[in-house]
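The chains carry the letters A, B, C and D, assigned in the order they are written, with residues numbered from 1 in each.
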Amino acid sequence: MANHHDTTPFLDRPLPSGFIAALIVFSTLCFSLETLPDLKPVTRSFLYYSEIVIVAIFTAEYAYRIYSAKDRLRFIFSFYGLVDLLAILPFYLAPALDLRSLRLLRLLRVLRLLKLARYHKAFSRLGEAFRLAREELVIFSLATLIFLYLAAVGIYYFENPVQPDVYRSVFDALWWAVTSLTTVGYGDMYPITPGGRIFTFVVLMLGLGLVAMPAGIIASSLNAIRRRHEDDSEESQ
Amino acid sequence: MANHHDTTPFLDRPLPSGFIAALIVFSTLCFSLETLPDLKPVTRSFLYYSEIVIVAIFTAEYAYRIYSAKDRLRFIFSFYGLVDLLAILPFYLAPALDLRSLRLLRLLRVLRLLKLARYHKAFSRLGEAFRLAREELVIFSLATLIFLYLAAVGIYYFENPVQPDVYRSVFDALWWAVTSLTTVGYGDMYPITPGGRIFTFVVLMLGLGLVAMPAGIIASSLNAIRRRHEDDSEESQ
Amino acid sequence: MANHHDTTPFLDRPLPSGFIAALIVFSTLCFSLETLPDLKPVTRSFLYYSEIVIVAIFTAEYAYRIYSAKDRLRFIFSFYGLVDLLAILPFYLAPALDLRSLRLLRLLRVLRLLKLARYHKAFSRLGEAFRLAREELVIFSLATLIFLYLAAVGIYYFENPVQPDVYRSVFDALWWAVTSLTTVGYGDMYPITPGGRIFTFVVLMLGLGLVAMPAGIIASSLNAIRRRHEDDSEESQ
Amino acid sequence: MANHHDTTPFLDRPLPSGFIAALIVFSTLCFSLETLPDLKPVTRSFLYYSEIVIVAIFTAEYAYRIYSAKDRLRFIFSFYGLVDLLAILPFYLAPALDLRSLRLLRLLRVLRLLKLARYHKAFSRLGEAFRLAREELVIFSLATLIFLYLAAVGIYYFENPVQPDVYRSVFDALWWAVTSLTTVGYGDMYPITPGGRIFTFVVLMLGLGLVAMPAGIIASSLNAIRRRHEDDSEESQ
């Protein structure tokens, strides 16, 4: 993720980022509208021509970005350089590829909205917070995975004999464990045996903290970094 | 939101704020009761006359507030001045407007309950916490929106072929993404394909932290501000 | 809540608190078992005799506590003194009262389990944390109530015309608001109109932080108090 | 949980932990696949032979670990020593035991994945955070249990007369309390009476903080310990 290009002052940027951002939002909206069933022919042709205009502007922007980059190769192979290319490439390869894969690639465009946030100090502070807490995040991810698996095996043994069509295998039980421990609880699977319910209670009491912890760790970490930055600015005064 | 009026001592206020607050709660209750189906005529007429009395008192209070304000124009165009006006205006315009829009405007009254909290130090501290964390909140809102959209597009590709009547378009998929990542999980839409379930698991693991982060940031921010205030009061001693 | 009695050393307490705690748990279990439908007569009579033994021991304990209290009147009218009395009184008044109200009073017994925690330092620290954050907790409770009400009125206007049997009145809509903003999401009520779903999205984004904030505030507050205690103990060294 | 063995340098370990970890994941996958209904005979025999190979390697590893341990008895009776034994023992006892209990014991293997995390500093820091906050965690667990029970009894009295088949006893009501206060909300049980809904609102407002608090406490605690470690490393410089 080379960011040598981003340190150029605002006026040097090829197009006002507000306009490009609006265009990305518009192209995303067009993409979403296309998925609607029973579209009128007039809407369909409007979406088709919008597509052409959008890709034309994106192509021009991509060309200009290559042209104005100090290190052109580095821009082309940077994260956003590749995103920019992948956003327009499918359009030109459409006759060669089938429509389905075309659509899947097009949605990468929305990642470019993150560019709006790239210059923010808060974003880099978040990155710092992640690095500071990375070890704990890895531990908790591993612990969460193991916990989810053990919860799934447990509920499988309690519920499979009674609801063999709901808790069909450990994989179905894993889906139950994921939706329950994240507290989403769609209601498509739930234990009905006393043993399964008591097991669920224990699993929820132990596991909710586990799942909620990463957010708490990041928040603590962000807080620590904010304080560190404040201390630094106080010392430099 | 001019608050020059609020620094006047308690005794100068037109009416005891407790009485006005109780009246607002009562008028809110009346408004809610009106929405009940199958109301008896006697209840309906009671609600009608309550309405007249409430609006009469609110009009008198509004007139007094204008009269007693140091800068009358400023009060009229302040946030609460406009709320006060909008709370009584629909009643007088009722013959000219249809009943439906009348009701929609009337509920603005409840915002006046926030006045009770206006004088609290904690409320201004919260405002400070929001300002301190504003940059990060904006980043997270943007990141959450992008994340929700990508989650919706992803689940659409997994589930639309199998459940075309449930995941009809990216917009329906967005509704699923919102209810899932906030962990509400009504159960009106949920993935049934193995791919869709694994995708949901990944999305939840990454996205729950994203959605829970703003509250954590605000809490950290409030904490930092409370500490800062304590430090200030210690230094001034 | 007089606690003059609690500062007496362990050996002076009328009965080992572990035994009384176990008895409370047992009596709670008996109470729960009684609510089971289709109980066998032998179980019913076992529960009846257990009840007599439990009340007898509780009465003896209550009498001993009054006897051993330094200030007897103060103990009788203290919070736990009244709980102790209310736990045994219904049994003796059973012939005079109907069975239903008897049961409702009996469950107060379980509050006595909190006594186990009464001596802990962590519990008093929690009280301190609540006092420190009380102003903010009051503000957030008020703001949450107003927010829930406005969310209910909003969804009522979106969904009532389409689902008049689900969103029947603002009161039903309030139930939806409570279950949605706490992210419980039973699935008994959910919006189906595009407007109602967008409104729900906005309400959730703004409201989840509101509902999650109290816990964050208490956690921050606890943290601040723990740090203050540590500073105090370091200074006194 | 003796960890004298873990301080040996990486090269002395009997097998690269990455390989063993991969094998545990593979054996876990095999275990999960076995629970799938309608397995083909070829898959079933593949899983059978995989099992033999896996247990053979695990047995070799166990033997090597005993051989290379400084204090052999201490390793055998350590937590992971017993886990290692229990992971292979059922295979050799299979003819004597029935298949069902065999499976239940085999899943203990997955706990060995936690070994990957054993050497991490973050893990010991988490243990420290738990010890620091243990008193408060115990208090909150007790308070949560009492709160859940009282919520269950309350909803039972509100809903049992109207939904006797849903809220059959206090035990069913407890299941409702657990799924509601953890905000899972499967939707298999929900109050429909006005009293039950208002009661649920109050219970949720008071109880959500209670259930969310442990995670907040651990996060605060982790934060405090991280700061303490930083202070220590600064002082030692």
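General observations
Going forward, a contact is a pair of C-beta atoms (placed from the backbone, for glycine too) under 8 Å apart; a residue touches a chain by one contact, two chains touch by 3 or more.
Given the structure is predicted, the values throughout are model-derived calculations rather than measurements.
Listed by label, the chains touching subunit B and subunit C alike are A, D.
Of all residue numbers seen at the subunit A-subunit B contact, under half occur in both copies; the interface is built from largely non-matching residues. Of all the chains, the one whose CA centre sits at the greatest distance from that of subunit B is D. Subunit C and subunit D have Cα centroids lying 28 Å from one another.
Here the spacing of subunit A and subunit C, counted between their Cα centres, is 39 Å. For subunit D, the set of residues touching two or more other chains reads 171, 183-187, 212, 216, 219-220, 223. Contacts from subunit D toward subunit A in the complex involve residues 28, 31-32, 35-37, 104, 107, 110-111, 113-114, 116-117, 120-123, 125-126, 141, 144, 171, 175, 178-179, 182-188, 211-212, 214-216, 218-220, 222-223, 226-227. Taken together, the subunit B residues at the contact with subunit A in this complex read 135-136, 138-139, 142-143, 146, 149-150, 153, 156-157, 160, 164, 168-171, 174, 180, 183-187, 190, 194, 197, 200-201, 204-205, 208-209, 212-213, 216-217, 219-220, 223-224. By the touch criterion stated above, subunit A contacts subunit C in their complex at residues 183, 185-187.
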